[in-house]
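Some structures to go through are shown next.
Shared between the two complexes below is subunit A, which pairs with subunit B and subunit C, respectively.
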Partner chain A sequence: MVGIVVVSHSAKIAEGICELAGQMAAPGQKIIAAGGMSGGGIGTDAFKIQAAIEEANAGDGVLVLVDLGSAVMSAELAIDMLGDELKDRVAIADAPIVEGAIAAVVDASIGQPLVSVAATAAGARELRKK
Partner chain B sequence: MTKIELVLTNAAGLHARPAAQFVQKASAYTSKVTLAAGTKTADAKSILAIMGLGLGQGSKIELTADGPDEAACLDGLKALVESNFGEG
Partner chain C sequence: MANINAAIEVLAQAIIANKELLTDLDSAIGDSDHGINMARGFEAVRAKLAAANSGDDIGAVLKLIGMTLISTVGGASGPLYGTAFLRAAVAAQGKTAIDTDTAAKMLEAAIGGIKDRGKAVRGEKTMLDALEPAYAAFVQGMAEGQALPACLSLATAAAAEGVEYTKTIIATKGRASYLGERSIGHQDPGATSSYILLAAVTDYAKANA
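This part shows the complex of A and B:
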């Protein structure tokens, strides 16, 4: 299964999304939070994201959901720091973080490949409230 | 091709967690499964399509399965819906 990493400036947001998305997950699905700075402050930390990606990888690659602004840059930096073998099997989702994480987890849990999980997450943008 | 009609009796309808359970169940079979509600249809293996329908409690759905395990597939989905998705 494709692993999922949730990156937010807030550790609580990242953990909350993982908790929520975990409700939709099959057993064994990895959903790892990488929120906040290492000292607990608001921000994003490339080293924390890198560790989360490594933890989330079960062999089928990892999709990274991000919130805003520098979360994207930190996630890109984290991917750059990965080993060559894993680097090519990690993608950043162009998706809303909550809806995208939930949709991605469902798709990953049914064994879809990374390209499909990423497309599903991006498609979550079309989910309307009304 | 096999077809059944069901009514969603669980409180949440096909939102979030039940939608995820539904898609995961449908995906466990090789048959193509389509859900129709009113004038809309959705691929039962697509979480976005199912969540996008926004079906609530009391919604009537028609499930069509086409493939080698279509009967088992519809039995499985029927059992899931009729169990109210394990809601209390």
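This part shows the complex of A and C:
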């Protein structure tokens, strides 16, 4: 099953999204929050994201959902720092972080591969509110 | 350069002394955290260097700085300056002194890291608007046979001009891009912190030439 990592500047946002998306998860599915700084402040930490990706990987790769600005850069840096074997099986979703995470969790829960989970998350951009 | 740890202390002092300036600049066009983030990062660098006692291997010291900034700065400047220091570390690997040629390679590598990480080019109101002209001026000075402190002085002067230039252009990267034309008239905080770092290195090199 593809693992999911949620990266936000805010630890509370990341944890909240994981909690929300977790309602749709299959038993044992990995959804890991990587929000905020180690000291609890607002920000992103590439090492924290790297550790979350490693934790989320169950062998089928990991999709990383990000909020804005440095979250993207820190996630890219985290992927650069991964071992070669895992590096090629991690993608950053071009998706809204809440809707994308939920869509990704559902798709991953039925055993879809990373390319599908990433496309499903990106497709969440089209979930209109009106 | 005489001692890498002493040089880094000068950098840390410069950033910490300019914490409010950087934060004020960022509050005009960003999320008001650049000074706070950079000062927190360099406070952590100070503590890490003191604890690690990493000696005079410049590459090792710069690597430790890069890693520390990545995990403590928090904003976009964390991965950007972190990557810059990690790349400069590779160019300075195994060295205990820096000559003009090595300094040019370090600056080039650092700028390359920032461009790769930020996917930015000159003219987008970023640190590159200070650093790229600085590198060009450094290389020009080197071609004229000038010594390291003189090359760094030229680079710092060009970076200062670059910071002024950022007042005239629209931000298209980062949080400031949300402001569009309203970002005109404000100097870029990232370009300013890059200038401050270069100016501090220059002061150190001049004092210890």
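Criterion: the second predicted complex is superposed on the first by the 130 of 130 C-alpha atoms of A that agree within 3 Å, B and C clash if a C-alpha of one lies under 4 Å from a C-alpha of the other, contacts with A are read in each partner's own complex, and residues count from 1 in each chain.
One rule holds for everything that comes next: contacts are C-beta pairs under 8 Å (C-beta built on N, C-alpha and C of every residue); 3 or more make two chains touch, one makes a residue touch a chain.
As the structure is a prediction and not an experimental result, all values here were calculated from the model.
Peer 1: Check whether A:D67 is in contact with subunit B, with subunit C, with both or with neither, and answer first, second, both or neither.
Peer 2: neither
Peer 1: I'd like to know which partner A:A26 touches here: subunit B for first, subunit C for second, both or neither.
Peer 2: first
Peer 1: Per the contact definition in the header, classify A:A103: touching subunit B only (first), subunit C only (second), both, or neither.
Peer 2: First partner only.
Peer 1: With the two structures laid over each other on chain A, which partner does A:L127 touch: subunit B (first), subunit C (second), both, or neither?
Peer 2: In the superposed model, A:L127 contacts subunit B only, not subunit C.
Peer 1: Is A:I42 contacted by the first partner subunit B, the second partner subunit C, both or neither?
Peer 2: second
Peer 1: Using the touch definition up top, name the residues of subunit C that touch subunit A in the complex.
Peer 2: 33, 37, 67, 70-80, 82-83, 117-118, 174-175
Peer 1: In the complex of these two chains, what residues of subunit A are touching subunit C?
Peer 2: 9, 37-38, 41-48, 69-70, 73-74, 76-77
Peer 1: Can you name the residues of subunit B that touch subunit A in the complex?
Peer 2: Within the complex, subunit B touches subunit A at residues 16-17, 19-20, 23-24, 27-28, 45-48, 51-52.
Peer 1: Using the touch rule from the top, collect the residues of subunit A that touch subunit B in their complex.
Peer 2: Interface residues on the subunit A side: 23-24, 26, 102-103, 105-107, 109-111, 120, 123-124, 126-128.
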